[in-house]
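Next up, some structures in structure tokens.
Two complexes follow with chain A in common, the first pairing it with chain B and the second with chain C.
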Partner chain A sequence: MTLLNIGLIGVLGLLGVGFYGLLTSRNLIKVIIALQILAKAAVLALLVAGNASGQIGLGQSVAITVIVADTIVAVIGMALAIQVRRQMHTLDVVELARLRG
Partner chain B sequence: MATWLMWMTIGVPWLGALLVWRLGDERPNAQHHAAAVFSLLAGGTALALLPFVGETAVSRIPVGGVFGDFTLVADGLGVFLAIVATVVGSLAVIFSGAYMHGAAQLGRYYALVLLFIGAMAGLVLAGGFLLLFFFWEITALCSYALISFHNDDPKAVSGGVKALIMTQVGGVGLLGLALLAYGYLSSYEINTFLAQAHTLPAAVLSIAAFGALAAAAAKSAQVPFQTWLPDAMEAPSPVSALIHAATMVNAGVYLLARLYPAFAAVPGWKTAVLTVGLLSALLAAFMALTAHDLKRALAYSTVSQLGYMVYAVGVGGVFASQFHLLSHAVFKALLFLSAGAVIHAVGTRDMRQMGGLGAMMPFVRAVFLAGALALAGLPLANGFFSKELVLEEGLHHGPLWAYVGMLLGAGLTALYTLRMVAMVFYGETAVTRRVHDASPRMQLPLGVLTFGSLTTWLLAGPFTRLLAQTLPYHALKEMTTLEMAVEILTAPATALALLVIGLGLSAWLLRHRLHRWQRPLHPLAQAAVQSFGFERINQQLTVGTKGAAAVLSRTQTGQLNWNVAAIVGALLLVLVVLSWIVGWLVG
Partner chain C sequence: MIDLLLILVTLVFAVQAFRAARLLSAALWLAGVSVLLAIFFFRLGAPQVAVIELSVGAGLVTVLFVFAISVAGDEPVALRSLLPWPLAAALALGAAALLGWLTLPLVGVEGALAERPLAELLWQQRGLDMLGQVVIIFCGVLGMLGLLAEAKAPLRQPVAAEVAARRERELEEMQQKALP
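After this line comes the complex of A and B, so read on.
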């Protein structure tokens, strides 16, 4: 079991958890958490790829950039969720999809 | 020096496009003059390239990575077509000064025309496939935008969209060719491709060859893509003359001629090319015979004449095809511009509502007759020499059945040309309004083009020398004008062709006596009016696409979970297909 294999299994596991969350959850907060897990899979993939190709510095710096960008996504997502809850009195994405216009 | 001139041939009209557009529509006269000056400058720079012609006159800009280098090459073929594009372009722009007088949004019109002129010069000067593809698509975009110039007319808009979609479908073939060339030779250079094409696997080379044929057929409106060109006639007449007769539609023929040395050995390719040319030449000639719209009749005749050029490439007559291209560019631009003068004066495009215009517009009749002489292939006009050269190549190097077909096409050409002339300029007039002859501003470009229609065949000698000395892979032979003229005038094939052309002409003159022959031809005429079913196929495709879209739109539920499932599913599908393709290529 090399480091590369362990890393790839981790990436696939995080991807699976994230997609499972996106597919099954109806709560907006849970959807945002699932998206965050997916983003963490991407960060891990960057580190693994950097390690495998011998460019650890490059991998780490891109990973940090992703973390920063992703934090903003999380914050804005949460803020939107709060506004949705205040305005529409629900966090159920199926309910929200029914509201047109 | 050559480097600068090459980039200027592209850059000057593009600069002009920006400037004319910025001038604003409240100063139409300034716009007319600026556009004319910039197009003439472009023509001047293209002509100034002539002394520098050579395969070594190369300008290379490294773009890096998978984009390779962007190169411009000033060889004989490229410079010749750049001159055609810019010179005919400036004549069309001068003509527009009178034709588009008082039209709204002139800035948009001139900007697009100048953008087109620059892109066309770039297309023929480009030395690499990727840059060629880039300019290829810019010309398609300009063509679309100018066909739909009157964008409040639904016919103009649908004609433009049709032209865009059909040329785009063919463009995929060119992109495939570019990527294959890069994939196997790690270079987009056309000359590298021509030198090393034989090292490619046979299957890959034949995919590339037929991709190029598809791209050329779509661009040059050949069977089965020919239906977009007649619908493109909604464009203003100078645009039809420039883009849809003299320059852009030649790009396909240019591509085939340029790549001929690489693909000549591909099994079935030459036969496919000459069959496409033959079918286009014959079917379009029949359609021209039944058309009532003056510009549509001319458009069908363009398809038919482009068929002659494609056929010439198919039988190996690269020079004959380019020589006919030169003749056709000049005389068809002349015919379209004089048709524009007629339409401008009469206010309709329907030939049944014309007639007897010769007495009212003597100048236009004279120049139209010169163009018609060349189109029909009668002696002393440039079309005579180039068409005879094409037919002679076909007789000596091509199959006999195709030659007979092309000979029949020459007769039909004479027949529909005479019909057009008679319906517009002779007989009883159906015109009620006062008709004026062409204004001096229209007469200048018409006069220049008439002179060209009668004399460009004298350039045959220098033209062969230009091509033979700068195209190392084509193995062309040099010939003087006198040799060519003697060869054509003494060849028995010429007498035969003239006989068929004479038969075509007399068929129109004796049409009342040939009455009983018309009945068996009636179904053929019906089929020609319905464009031999090609229009129906287009409609079915449109209806099918819309139906599929209506069905597929039900899958757009707007539900998050469903969308995520679709994304993951599609990702898995792509991965499976890719691994399958890779497995197939490796295994």
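After this line comes the complex of A and C, so read on.
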């Protein structure tokens, strides 16, 4: 098995695990962790594609952009989680959906 | 062989991040995923991204997670999910299998274009991306400050009057201490 196919298996596995976590977790911070794993799968996919097409530099430059955007998403998500916890005293996503009005 | 082992251990770490009972251990498993992926990036021939992933993914994001968990509280996450787990697993597996069916096996193309140095690529060809990143970082900082800012209690008097009143109070206290 070549390095590229192993990398692609890693992408698929991380994608599956991330989707599963996103569907099943109810804690807001766990949702952010699931998003992080999905973004890592995207970065790995970009680098595998760059390696496969012989342009690893281009893959790297796009991957850096994805890492920066993903870190900012995590930062904003965690600030949101802290504020939600302060105001509503819960991190449970289902409980938050009930608090209408 | 060692690459396959690396990827399999990475997947085990990712699964453990969701199976962990405490949020803190979940964050640490995520850092482990980041470290192993950085090693794999290095083997793919992308050392710059490997370093960034190691410092940002395993360092900065983990510190942020630990900070957020320490502020928001590490309540045990034994909540049952709304979706039954076989359905969720089938959906996730289906998505991954569909993508795998479309992409596997991957055959590399050797030397499609002449490779340019990363710095030149980053600052000239993708210069607009770098500008976008700066804007994103700025927006992120502003958003975090806005979200985490504490609302101050409004002053009852103008500032000067408030300061004068406080000084009066302090003077009174000192006099009471001096003359028991």
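Everything that follows uses one rule, which is that the second predicted complex is superposed on the first by the 100 of 101 C-alpha atoms of A that agree within 3 Å, B and C clash if a C-alpha of one lies under 4 Å from a C-alpha of the other, contacts with A are read in each partner's own complex, and residues count from 1 in each chain.
FYI, a contact is a pair of C-beta atoms (placed from the backbone, for glycine too) under 8 Å apart; a residue touches a chain by one contact, two chains touch by 3 or more.
Keep in mind the model is a prediction, meaning the values are calculated, not measured.
> State whether chain B and chain C clash or fit side by side on chain A once the two structures are superposed.
Partners fit side by side after overlay.
> A:Ile72 contacts which: chain B (first), chain C (second), both, neither?
The answer is second: A:Ile72 touches chain C but not chain B.
> In the overlaid three-chain picture, which partner chain does A:Val94 touch, first (chain B) or second (chain C), both, or neither?
Touch partners of A:Val94: chain B and chain C.
> Identify the partner contact of A:Ala81: answer first if only chain B is touched, second if only chain C is, both if each is, neither if none is.
The second partner, chain C, only.
> If you tally the residues of chain A touched by each partner, is the higher count for chain B or for chain C?
C
> By the touch definition at the top of the document, which applies to A:Leu8: first (chain B), second (chain C), both, or neither?
Only chain C is touched by A:Leu8; chain B is not.
> Taking the superposition on A as described, I'd like to know which of chain B and chain C A:Phe19 touches: first, second, both or neither.
Both partners.
> Now for A:Ile56: first (chain B), second (chain C), both, or neither, which partner does it touch?
In the superposed model, A:Ile56 contacts chain C only, not chain B.
> In the superposed arrangement, which partner chain does A:Leu47 touch: chain B (first), chain C (second), both, or neither?
Second partner only.
> Once chain A of both complexes is superposed, is A:Asn27 in touch with chain B (first), chain C (second), both, or neither?
second
> Contacts for A:Ile64 in the overlay, against chain B (first) and chain C (second): which applies, first, second, both or neither?
The answer is second: A:Ile64 touches chain C but not chain B.
> Give me, in Å and rounded to a whole number, the least C-alpha distance separating chain B from chain C in the superposition.
So the smallest C-alpha to C-alpha spacing between these two chains is 5 Å.
> Is there a shared patch on chain A that both chain B and chain C touch, and which residues make it up?
Correct list for chain A: 19, 23-24, 26, 94.
> Could you pull out which chain C residues touch chain A in their complex?
Answer in residue numbers: 3-4, 7, 10-11, 14-15, 17-18, 23, 26-27, 30, 33-34, 37, 40-41, 43-46, 48-49, 52-53, 56-57, 60-61, 64-65, 67-69, 71-73, 75, 77, 79-83, 85, 88-89, 91-93, 95-97, 99-100, 103-113, 115-118, 121-122, 125-126, 129, 132-133, 136-137, 139-140, 143-144, 147-148.
> Which chain B residues qualify as touching chain A in the complex?
557-561, 564-565, 568
> Can you list the chain A residues touching chain C in their complex?
1-21, 23-27, 29-30, 33-34, 36-37, 40, 43-44, 47-48, 50-65, 67-69, 71-72, 74-76, 78-83, 85, 91-92, 94
> Going by the contact rule at the top, pick out the chain A residues touching chain B in the complex.
By the definition above, chain A touches chain B via 19, 22-24, 26, 31, 93-94, 97.
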